[in-house]
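Have a look at the structure that comes next, please.
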Amino acid sequence: MVDLTQVMDDEVFMAFASYATIILSKMMLMSTATAFYRLTRKVRNLEVFANPEDCVTFGKGENAKKYLRTDDRVERVRRAHLNDLENIVPFLGIGLLYSLSGPDPSAAILHFRLFVGARIYHTIAYLTPLPQPNRALGFFVGYGVTLSMAYRLLKSKLYL
Amino acid sequence: MVDLTQVMDDEVFMAFASYATIILSKMMLMSTATAFYRLTRKVRNLEVFANPEDCVTFGKGENAKKYLRTDDRVERVRRAHLNDLENIVPFLGIGLLYSLSGPDPSAAILHFRLFVGARIYHTIAYLTPLPQPNRALGFFVGYGVTLSMAYRLLKSKLYL
Amino acid sequence: MVDLTQVMDDEVFMAFASYATIILSKMMLMSTATAFYRLTRKVRNLEVFANPEDCVTFGKGENAKKYLRTDDRVERVRRAHLNDLENIVPFLGIGLLYSLSGPDPSAAILHFRLFVGARIYHTIAYLTPLPQPNRALGFFVGYGVTLSMAYRLLKSKLYL
(Lines give C-alpha, C1' and ligand atoms only; values in the text may rest on other atoms or scores of the structure.)
Protein backbone atom coordinates (compact mmCIF):
# COMPACT_ATOMS: atom_id res chain seq x y z
CA MET A 1 0.00 0.00 0.00
CA VAL A 2 1.18 3.48 -0.84
CA ASP A 3 1.74 5.63 2.22
CA LEU A 4 -0.08 8.78 1.21
CA THR A 5 1.72 10.93 3.74
CA GLN A 6 4.81 10.50 1.57
CA VAL A 7 3.14 12.30 -1.35
CA MET A 8 3.42 15.46 0.72
CA ASP A 9 7.19 15.04 1.03
CA ASP A 10 7.54 16.24 -2.55
CA GLU A 11 8.77 19.84 -2.42
CA VAL A 12 6.68 21.14 -5.34
CA PHE A 13 3.50 19.45 -4.17
CA MET A 14 3.93 20.79 -0.64
CA ALA A 15 4.45 24.31 -2.00
CA PHE A 16 1.37 23.96 -4.21
CA ALA A 17 -0.67 22.80 -1.20
CA SER A 18 0.44 25.82 0.84
CA TYR A 19 -0.20 28.44 -1.86
CA ALA A 20 -3.51 26.88 -2.93
CA THR A 21 -4.73 26.86 0.68
CA ILE A 22 -3.74 30.50 1.15
CA ILE A 23 -5.48 31.74 -1.98
CA LEU A 24 -8.62 29.68 -1.27
CA SER A 25 -8.76 31.08 2.27
CA LYS A 26 -8.45 34.59 0.83
CA MET A 27 -11.34 33.83 -1.54
CA MET A 28 -13.45 32.64 1.39
CA LEU A 29 -12.84 35.99 3.11
CA MET A 30 -14.79 37.60 0.25
CA SER A 31 -18.00 35.98 1.57
CA THR A 32 -17.34 37.56 4.93
CA ALA A 33 -16.58 40.89 3.27
CA THR A 34 -19.93 40.76 1.46
CA ALA A 35 -21.76 40.02 4.70
CA PHE A 36 -19.85 42.81 6.46
CA TYR A 37 -20.75 45.42 3.82
CA ARG A 38 -24.35 44.19 3.81
CA LEU A 39 -24.70 44.66 7.54
CA THR A 40 -22.96 48.03 7.73
CA ARG A 41 -24.96 49.33 4.76
CA LYS A 42 -28.12 47.43 5.76
CA VAL A 43 -28.73 46.13 2.26
CA ARG A 44 -29.55 42.70 0.97
CA ASN A 45 -28.94 42.45 -2.73
CA LEU A 46 -27.87 39.20 -4.17
CA GLU A 47 -28.10 39.89 -7.90
CA VAL A 48 -31.41 41.57 -8.69
CA PHE A 49 -33.75 40.33 -5.99
CA ALA A 50 -33.03 39.81 -2.34
CA ASN A 51 -34.24 37.31 0.20
CA PRO A 52 -37.10 38.93 2.13
CA GLU A 53 -36.49 36.68 5.15
CA ASP A 54 -33.08 38.30 5.62
CA CYS A 55 -34.54 41.74 6.30
CA VAL A 56 -36.76 40.77 9.19
CA THR A 57 -34.36 42.11 11.81
CA PHE A 58 -34.43 45.57 10.22
CA GLY A 59 -38.19 46.02 10.19
CA LYS A 60 -41.47 44.52 9.03
CA GLY A 61 -43.62 44.91 5.91
CA GLU A 62 -43.00 48.07 3.91
CA ASN A 63 -40.22 49.07 6.26
CA ALA A 64 -38.31 45.92 5.35
CA LYS A 65 -38.79 46.47 1.61
CA LYS A 66 -36.62 49.53 1.55
CA TYR A 67 -33.60 47.38 2.36
CA LEU A 68 -34.26 45.22 -0.70
CA ARG A 69 -32.13 47.30 -3.01
CA THR A 70 -28.77 47.07 -4.61
CA ASP A 71 -25.70 48.84 -3.34
CA ASP A 72 -22.64 49.76 -5.37
CA ARG A 73 -20.17 48.72 -2.71
CA VAL A 74 -21.72 45.28 -2.12
CA GLU A 75 -21.97 44.62 -5.85
CA ARG A 76 -18.28 45.44 -6.17
CA VAL A 77 -17.33 42.82 -3.57
CA ARG A 78 -19.54 40.29 -5.32
CA ARG A 79 -17.93 40.94 -8.70
CA ALA A 80 -14.46 40.58 -7.15
CA HIS A 81 -15.59 37.30 -5.58
CA LEU A 82 -16.91 35.92 -8.89
CA ASN A 83 -13.74 37.00 -10.68
CA ASP A 84 -11.71 35.16 -8.04
CA LEU A 85 -13.78 32.04 -8.58
CA GLU A 86 -13.34 32.22 -12.36
CA ASN A 87 -9.57 32.48 -12.04
CA ILE A 88 -8.79 30.33 -9.00
CA VAL A 89 -10.65 27.27 -10.35
CA PRO A 90 -8.31 26.96 -13.40
CA PHE A 91 -5.30 27.60 -11.15
CA LEU A 92 -6.36 24.79 -8.81
CA GLY A 93 -6.97 22.26 -11.57
CA ILE A 94 -4.03 23.10 -13.81
CA GLY A 95 -1.69 23.78 -10.86
CA LEU A 96 -2.42 20.42 -9.22
CA LEU A 97 -1.74 18.50 -12.43
CA TYR A 98 1.32 20.63 -13.20
CA SER A 99 2.72 19.89 -9.72
CA LEU A 100 2.39 16.17 -10.44
CA SER A 101 4.07 16.40 -13.86
CA GLY A 102 7.56 16.76 -12.40
CA PRO A 103 8.36 20.44 -13.06
CA ASP A 104 11.57 22.21 -12.06
CA PRO A 105 10.96 23.12 -8.36
CA SER A 106 12.20 26.72 -8.55
CA ALA A 107 10.15 27.43 -11.71
CA ALA A 108 7.06 25.86 -10.15
CA ILE A 109 7.35 27.81 -6.91
CA LEU A 110 7.86 31.04 -8.89
CA HIS A 111 4.57 30.31 -10.74
CA PHE A 112 2.70 29.77 -7.47
CA ARG A 113 4.13 32.89 -5.82
CA LEU A 114 3.35 35.10 -8.80
CA PHE A 115 -0.22 33.82 -9.00
CA VAL A 116 -0.98 34.29 -5.30
CA GLY A 117 0.64 37.75 -5.30
CA ALA A 118 -1.25 38.83 -8.43
CA ARG A 119 -4.64 37.70 -7.09
CA ILE A 120 -4.13 39.46 -3.74
CA TYR A 121 -3.12 42.62 -5.62
CA HIS A 122 -6.19 42.24 -7.85
CA THR A 123 -8.48 42.08 -4.81
CA ILE A 124 -6.89 45.17 -3.24
CA ALA A 125 -7.14 47.05 -6.55
CA TYR A 126 -10.78 46.00 -6.95
CA LEU A 127 -11.96 46.88 -3.46
CA THR A 128 -10.02 50.12 -2.79
CA PRO A 129 -10.62 50.82 -5.81
CA LEU A 130 -7.32 51.78 -7.38
CA PRO A 131 -7.46 53.41 -10.82
CA GLN A 132 -6.98 51.17 -13.84
CA PRO A 133 -4.70 49.52 -15.03
CA ASN A 134 -3.87 48.27 -11.50
CA ARG A 135 -6.67 45.73 -11.48
CA ALA A 136 -6.04 44.68 -15.06
CA LEU A 137 -2.38 44.12 -14.21
CA GLY A 138 -3.28 41.79 -11.32
CA PHE A 139 -5.71 39.95 -13.56
CA PHE A 140 -3.33 39.45 -16.49
CA VAL A 141 -0.37 38.31 -14.37
CA GLY A 142 -2.54 35.63 -12.76
CA TYR A 143 -3.99 34.69 -16.16
CA GLY A 144 -0.55 34.44 -17.76
CA VAL A 145 0.84 32.29 -14.95
CA THR A 146 -2.04 29.80 -15.32
CA LEU A 147 -1.63 29.64 -19.11
CA SER A 148 2.13 29.15 -18.70
CA MET A 149 1.51 26.16 -16.40
CA ALA A 150 -1.05 24.76 -18.87
CA TYR A 151 1.45 25.11 -21.73
CA ARG A 152 4.25 23.34 -19.84
CA LEU A 153 1.91 20.57 -18.73
CA LEU A 154 0.55 19.91 -22.23
CA LYS A 155 4.02 20.09 -23.79
CA SER A 156 5.39 17.38 -21.49
CA LYS A 157 2.34 15.18 -20.93
CA LEU A 158 -0.15 15.51 -23.80
CA TYR A 159 -2.16 12.29 -24.16
CA LEU A 160 -5.45 12.49 -26.03
CA MET B 1 5.51 2.51 -11.62
CA VAL B 2 3.06 3.49 -8.89
CA ASP B 3 -0.18 1.55 -9.08
CA LEU B 4 -2.68 4.34 -8.82
CA THR B 5 -5.49 2.07 -7.74
CA GLN B 6 -3.61 1.72 -4.45
CA VAL B 7 -4.02 5.43 -3.70
CA MET B 8 -7.70 4.71 -3.19
CA ASP B 9 -6.92 2.12 -0.51
CA ASP B 10 -6.18 4.94 1.89
CA GLU B 11 -9.16 5.25 4.22
CA VAL B 12 -9.19 9.07 4.44
CA PHE B 13 -8.77 9.53 0.70
CA MET B 14 -11.58 7.09 -0.07
CA ALA B 15 -13.87 8.90 2.38
CA PHE B 16 -12.96 12.25 0.82
CA ALA B 17 -13.71 10.85 -2.65
CA SER B 18 -17.14 9.64 -1.52
CA TYR B 19 -18.19 12.83 0.26
CA ALA B 20 -16.82 15.11 -2.49
CA THR B 21 -18.72 13.14 -5.14
CA ILE B 22 -21.95 13.34 -3.13
CA ILE B 23 -21.76 17.09 -2.57
CA LEU B 24 -20.80 17.77 -6.21
CA SER B 25 -23.73 15.67 -7.39
CA LYS B 26 -26.03 17.67 -5.09
CA MET B 27 -24.64 20.89 -6.60
CA MET B 28 -25.36 19.58 -10.09
CA LEU B 29 -28.98 19.01 -9.10
CA MET B 30 -29.28 22.78 -8.69
CA SER B 31 -28.99 23.18 -12.48
CA THR B 32 -31.88 20.78 -12.89
CA ALA B 33 -33.85 22.61 -10.20
CA THR B 34 -33.36 25.91 -12.06
CA ALA B 35 -34.56 24.33 -15.32
CA PHE B 36 -37.55 22.78 -13.51
CA TYR B 37 -38.65 26.10 -11.99
CA ARG B 38 -38.12 27.83 -15.32
CA LEU B 39 -40.39 25.40 -17.14
CA THR B 40 -43.13 25.31 -14.50
CA ARG B 41 -43.11 29.09 -14.21
CA LYS B 42 -42.43 29.62 -17.92
CA VAL B 43 -39.70 32.16 -17.32
CA ARG B 44 -36.25 32.50 -18.73
CA ASN B 45 -34.18 34.81 -16.64
CA LEU B 46 -30.52 34.23 -16.40
CA GLU B 47 -29.33 37.34 -14.58
CA VAL B 48 -30.88 40.44 -16.15
CA PHE B 49 -31.47 39.44 -19.75
CA ALA B 50 -32.65 36.13 -21.11
CA ASN B 51 -31.88 34.20 -24.23
CA PRO B 52 -34.63 34.96 -26.75
CA GLU B 53 -34.06 31.65 -28.55
CA ASP B 54 -35.18 29.80 -25.44
CA CYS B 55 -38.69 31.24 -25.54
CA VAL B 56 -39.56 30.08 -29.05
CA THR B 57 -41.60 27.14 -27.83
CA PHE B 58 -43.86 29.44 -25.81
CA GLY B 59 -44.76 31.84 -28.62
CA LYS B 60 -43.38 34.12 -31.28
CA GLY B 61 -42.52 37.81 -31.42
CA GLU B 62 -44.18 39.99 -28.78
CA ASN B 63 -45.79 36.94 -27.22
CA ALA B 64 -42.35 35.48 -26.50
CA LYS B 65 -41.08 38.70 -24.93
CA LYS B 66 -43.40 38.47 -21.97
CA TYR B 67 -41.50 35.39 -20.80
CA LEU B 68 -38.26 37.36 -20.70
CA ARG B 69 -38.64 38.48 -17.14
CA THR B 70 -37.19 37.60 -13.80
CA ASP B 71 -38.86 35.39 -11.24
CA ASP B 72 -38.22 35.39 -7.53
CA ARG B 73 -38.25 31.64 -7.20
CA VAL B 74 -35.80 31.02 -10.06
CA GLU B 75 -33.46 33.74 -8.80
CA ARG B 76 -33.47 32.08 -5.40
CA VAL B 77 -32.32 28.75 -6.86
CA ARG B 78 -29.61 30.55 -8.82
CA ARG B 79 -28.31 32.32 -5.72
CA ALA B 80 -28.23 29.02 -3.82
CA HIS B 81 -26.31 27.48 -6.73
CA LEU B 82 -23.73 30.29 -6.79
CA ASN B 83 -23.33 30.09 -3.02
CA ASP B 84 -22.71 26.35 -3.37
CA LEU B 85 -20.06 26.99 -5.99
CA GLU B 86 -18.33 29.61 -3.82
CA ASN B 87 -18.15 27.22 -0.86
CA ILE B 88 -17.64 23.83 -2.51
CA VAL B 89 -14.62 24.96 -4.57
CA PRO B 90 -12.53 25.75 -1.42
CA PHE B 91 -13.73 22.49 0.18
CA LEU B 92 -12.59 20.49 -2.86
CA GLY B 93 -9.17 22.10 -3.07
CA ILE B 94 -8.37 22.29 0.64
CA GLY B 95 -10.04 18.94 1.39
CA LEU B 96 -8.04 17.09 -1.26
CA LEU B 97 -4.73 18.47 -0.01
CA TYR B 98 -5.75 17.91 3.62
CA SER B 99 -6.58 14.25 2.82
CA LEU B 100 -3.07 13.82 1.43
CA SER B 101 -1.37 15.43 4.43
CA GLY B 102 -1.89 12.38 6.66
CA PRO B 103 -4.62 13.58 9.07
CA ASP B 104 -6.14 11.49 11.83
CA PRO B 105 -8.82 9.39 10.02
CA SER B 106 -11.63 9.94 12.49
CA ALA B 107 -11.03 13.72 12.62
CA ALA B 108 -10.89 13.89 8.82
CA ILE B 109 -14.11 11.93 8.33
CA LEU B 110 -15.85 14.11 10.93
CA HIS B 111 -14.82 17.20 8.89
CA PHE B 112 -16.21 15.72 5.66
CA ARG B 113 -19.49 14.64 7.27
CA LEU B 114 -20.07 18.00 8.91
CA PHE B 115 -19.40 19.87 5.66
CA VAL B 116 -21.71 17.71 3.55
CA GLY B 117 -24.45 17.84 6.18
CA ALA B 118 -24.15 21.62 6.57
CA ARG B 119 -24.32 22.27 2.80
CA ILE B 120 -27.39 20.04 2.35
CA TYR B 121 -29.05 21.83 5.27
CA HIS B 122 -28.09 25.18 3.71
CA THR B 123 -29.78 24.23 0.43
CA ILE B 124 -32.96 23.09 2.19
CA ALA B 125 -33.03 26.29 4.27
CA TYR B 126 -32.47 28.41 1.13
CA LEU B 127 -35.09 26.79 -1.07
CA THR B 128 -37.92 26.19 1.43
CA PRO B 129 -37.15 29.01 2.65
CA LEU B 130 -36.71 28.52 6.37
CA PRO B 131 -36.47 31.69 8.50
CA GLN B 132 -33.00 32.93 9.39
CA PRO B 133 -30.68 31.95 11.10
CA ASN B 134 -31.20 28.44 9.64
CA ARG B 135 -29.42 29.26 6.38
CA ALA B 136 -26.69 31.23 8.16
CA LEU B 137 -26.09 28.25 10.44
CA GLY B 138 -25.60 25.90 7.48
CA PHE B 139 -23.29 28.42 5.84
CA PHE B 140 -21.08 29.04 8.89
CA VAL B 141 -20.70 25.36 9.81
CA GLY B 142 -19.47 24.58 6.28
CA TYR B 143 -17.24 27.67 6.33
CA GLY B 144 -15.73 26.77 9.71
CA VAL B 145 -15.02 23.18 8.65
CA THR B 146 -13.12 24.35 5.57
CA LEU B 147 -11.10 26.87 7.58
CA SER B 148 -10.32 24.20 10.18
CA MET B 149 -8.94 21.92 7.44
CA ALA B 150 -6.92 24.83 6.00
CA TYR B 151 -5.46 25.58 9.43
CA ARG B 152 -4.45 21.95 10.11
CA LEU B 153 -2.93 21.65 6.63
CA LEU B 154 -0.87 24.83 6.91
CA LYS B 155 0.21 24.00 10.45
CA SER B 156 1.67 20.64 9.41
CA LYS B 157 2.86 21.33 5.86
CA LEU B 158 3.58 25.03 5.33
CA TYR B 159 6.23 25.46 2.64
CA LEU B 160 6.49 28.88 0.99
CA MET C 1 9.86 8.57 -0.98
CA VAL C 2 7.29 8.34 -3.76
CA ASP C 3 8.54 9.76 -7.04
CA LEU C 4 5.60 11.92 -8.01
CA THR C 5 6.61 12.06 -11.66
CA GLN C 6 5.62 8.40 -11.84
CA VAL C 7 1.99 9.24 -11.03
CA MET C 8 1.81 10.82 -14.46
CA ASP C 9 2.87 7.55 -16.12
CA ASP C 10 -0.63 6.21 -15.51
CA GLU C 11 -2.47 6.34 -18.84
CA VAL C 12 -5.86 7.39 -17.46
CA PHE C 13 -4.39 10.07 -15.21
CA MET C 14 -2.32 11.52 -18.04
CA ALA C 15 -5.42 11.63 -20.28
CA PHE C 16 -7.41 13.30 -17.51
CA ALA C 17 -4.64 15.89 -17.05
CA SER C 18 -4.65 16.70 -20.77
CA TYR C 19 -8.42 16.99 -21.17
CA ALA C 20 -8.85 18.94 -17.91
CA THR C 21 -6.15 21.41 -18.96
CA ILE C 22 -7.77 21.89 -22.38
CA ILE C 23 -11.26 22.54 -20.99
CA LEU C 24 -9.93 24.89 -18.28
CA SER C 25 -7.97 26.85 -20.90
CA LYS C 26 -11.16 27.12 -23.00
CA MET C 27 -13.00 28.43 -19.92
CA MET C 28 -10.29 31.03 -19.38
CA LEU C 29 -10.81 32.24 -22.96
CA MET C 30 -14.32 33.31 -21.89
CA SER C 31 -12.79 36.09 -19.74
CA THR C 32 -10.94 37.35 -22.79
CA ALA C 33 -14.12 37.09 -24.89
CA THR C 34 -15.98 39.22 -22.32
CA ALA C 35 -13.23 41.84 -22.39
CA PHE C 36 -13.20 41.77 -26.21
CA TYR C 37 -16.97 42.34 -26.49
CA ARG C 38 -16.77 45.06 -23.84
CA LEU C 39 -14.13 46.98 -25.74
CA THR C 40 -15.72 46.61 -29.19
CA ARG C 41 -19.13 47.59 -27.82
CA LYS C 42 -17.69 50.12 -25.36
CA VAL C 43 -19.77 48.85 -22.47
CA ARG C 44 -18.87 47.97 -18.93
CA ASN C 45 -21.55 45.90 -17.36
CA LEU C 46 -20.61 43.38 -14.80
CA GLU C 47 -24.03 42.29 -13.53
CA VAL C 48 -26.18 45.33 -12.85
CA PHE C 49 -23.69 48.04 -11.98
CA ALA C 50 -20.34 48.75 -13.58
CA ASN C 51 -17.04 49.99 -12.26
CA PRO C 52 -16.88 53.73 -12.96
CA GLU C 53 -13.08 53.70 -12.98
CA ASP C 54 -13.14 51.46 -16.05
CA CYS C 55 -14.87 54.07 -18.21
CA VAL C 56 -12.30 56.83 -17.73
CA THR C 57 -10.65 56.21 -21.11
CA PHE C 58 -13.96 56.77 -22.90
CA GLY C 59 -14.82 60.12 -21.38
CA LYS C 60 -15.29 62.04 -18.15
CA GLY C 61 -18.30 62.79 -15.97
CA GLU C 62 -21.68 62.48 -17.64
CA ASN C 63 -20.02 61.32 -20.84
CA ALA C 64 -18.61 58.30 -18.99
CA LYS C 65 -21.96 57.40 -17.45
CA LYS C 66 -23.52 56.46 -20.76
CA TYR C 67 -21.16 53.49 -21.00
CA LEU C 68 -22.44 52.16 -17.69
CA ARG C 69 -25.15 50.04 -19.21
CA THR C 70 -25.79 46.43 -19.93
CA ASP C 71 -25.36 44.84 -23.33
CA ASP C 72 -27.07 41.70 -24.55
CA ARG C 73 -23.98 40.28 -26.21
CA VAL C 74 -21.72 40.77 -23.17
CA GLU C 75 -24.34 39.31 -20.82
CA ARG C 76 -24.54 36.26 -23.06
CA VAL C 77 -20.78 35.63 -22.78
CA ARG C 78 -21.01 36.05 -19.03
CA ARG C 79 -23.83 33.53 -18.73
CA ALA C 80 -21.89 31.03 -20.85
CA HIS C 81 -18.88 31.59 -18.58
CA LEU C 82 -20.89 30.99 -15.40
CA ASN C 83 -22.49 27.89 -16.90
CA ASP C 84 -18.99 26.61 -17.74
CA LEU C 85 -17.89 27.18 -14.17
CA GLU C 86 -20.95 25.37 -12.77
CA ASN C 87 -20.28 22.31 -14.94
CA ILE C 88 -16.48 22.17 -15.11
CA VAL C 89 -16.01 22.27 -11.32
CA PRO C 90 -17.90 18.96 -10.80
CA PHE C 91 -16.05 17.45 -13.78
CA LEU C 92 -12.68 18.40 -12.25
CA GLY C 93 -13.47 17.05 -8.80
CA ILE C 94 -15.30 13.89 -9.82
CA GLY C 95 -13.03 13.24 -12.83
CA LEU C 96 -9.85 13.47 -10.73
CA LEU C 97 -11.16 11.02 -8.14
CA TYR C 98 -12.58 8.74 -10.85
CA SER C 99 -9.16 8.68 -12.58
CA LEU C 100 -7.59 7.51 -9.33
CA SER C 101 -10.19 4.78 -8.72
CA GLY C 102 -8.72 2.45 -11.36
CA PRO C 103 -11.31 2.67 -14.17
CA ASP C 104 -11.07 0.85 -17.50
CA PRO C 105 -8.78 3.11 -19.60
CA SER C 106 -10.87 3.10 -22.77
CA ALA C 107 -14.09 3.85 -20.86
CA ALA C 108 -12.39 6.64 -18.90
CA ILE C 109 -10.94 8.29 -22.01
CA LEU C 110 -14.33 8.08 -23.74
CA HIS C 111 -15.86 9.95 -20.74
CA PHE C 112 -13.22 12.71 -20.93
CA ARG C 113 -13.55 13.11 -24.72
CA LEU C 114 -17.33 13.29 -24.60
CA PHE C 115 -17.27 15.89 -21.83
CA VAL C 116 -14.73 18.14 -23.53
CA GLY C 117 -16.51 17.85 -26.88
CA ALA C 118 -19.92 18.56 -25.33
CA ARG C 119 -18.69 21.67 -23.47
CA ILE C 120 -17.00 23.12 -26.56
CA TYR C 121 -20.19 22.48 -28.54
CA HIS C 122 -22.20 24.14 -25.74
CA THR C 123 -20.05 27.27 -25.92
CA ILE C 124 -20.38 27.48 -29.72
CA ALA C 125 -24.14 26.98 -29.47
CA TYR C 126 -24.39 29.65 -26.75
CA LEU C 127 -22.31 32.33 -28.45
CA THR C 128 -23.41 31.94 -32.08
CA PRO C 129 -26.30 31.48 -30.93
CA LEU C 130 -27.64 28.29 -32.50
CA PRO C 131 -31.36 27.56 -32.06
CA GLN C 132 -32.33 25.25 -29.23
CA PRO C 133 -31.97 22.29 -28.55
CA ASN C 134 -28.31 22.58 -29.65
CA ARG C 135 -27.20 24.22 -26.42
CA ALA C 136 -29.35 21.91 -24.29
CA LEU C 137 -27.79 18.91 -26.05
CA GLY C 138 -24.26 20.10 -25.21
CA PHE C 139 -25.32 20.74 -21.62
CA PHE C 140 -26.99 17.36 -21.04
CA VAL C 141 -24.20 15.30 -22.61
CA GLY C 142 -21.66 16.95 -20.31
CA TYR C 143 -24.02 16.58 -17.36
CA GLY C 144 -24.63 12.89 -18.08
CA VAL C 145 -20.92 12.14 -18.45
CA THR C 146 -20.18 13.68 -15.05
CA LEU C 147 -23.02 11.77 -13.37
CA SER C 148 -21.86 8.55 -15.00
CA MET C 149 -18.35 9.04 -13.56
CA ALA C 150 -19.87 9.83 -10.13
CA TYR C 151 -21.97 6.65 -10.28
CA ARG C 152 -19.01 4.41 -11.20
CA LEU C 153 -16.85 6.02 -8.53
CA LEU C 154 -19.43 5.60 -5.77
CA LYS C 155 -20.26 2.04 -6.86
CA SER C 156 -16.65 0.92 -6.57
CA LYS C 157 -15.33 3.06 -3.70
CA LEU C 158 -18.18 4.19 -1.44
CA TYR C 159 -16.86 4.76 2.08
CA LEU C 160 -18.95 6.90 4.41
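Letters are used for the chains, namely A, B and C, taken in the order the chains are written, and counting of residues starts over at 1 for each.
Convention: contacts are C-beta pairs under 8 Å (C-beta built on N, C-alpha and C of every residue); 3 or more make two chains touch, one makes a residue touch a chain.
Quick caveat, the model's predicted, so the values are computed rather than measured.
Engineer: Once the Cα atoms of chain B and chain C are superposed, what angle does the rotation have, between 0 and 180 degrees and to the nearest 5?
Structural biologist: Nearest-5 rotation angle for the superposition: 120 degrees.
Engineer: Could you label the chain A-chain B interface same or different, taking same to mean over half of its residue numbers are used by both chains?
Structural biologist: Mostly different residues.
Engineer: How many Å are there between the centre of chain A and the centre of chain B, using C-alpha atoms for each centre?
Structural biologist: One centre to the other, that is 16 Å.
Engineer: For chain A, jot down the residues that touch at least 2 other chains.
Structural biologist: Answer for chain A, listing residues that touch two or more other chains: 2, 7, 47-48, 82, 85, 89, 92, 96.
Engineer: Touching residues of chain C toward chain A in the complex: what are they?
Structural biologist: Spelled out, the residues of chain C in touch with chain A are 1-2, 4-5, 7-8, 11, 14-15, 17-22, 24-25, 27-28, 30-31, 46-49, 51, 53-54, 56-57, 81-82, 85, 88-89, 92, 96, 113.
Engineer: Quick one: which bits of chain A touch chain C in the complex? Just the residue numbers, please.
Structural biologist: Residues of chain A touching chain C: 2-3, 6-7, 9-10, 12-13, 47-48, 70, 72, 75-76, 78-79, 82, 85-87, 89-90, 92-94, 96-97, 99-102, 129, 131-132, 139, 143, 146-147, 150, 153-154, 157-160.
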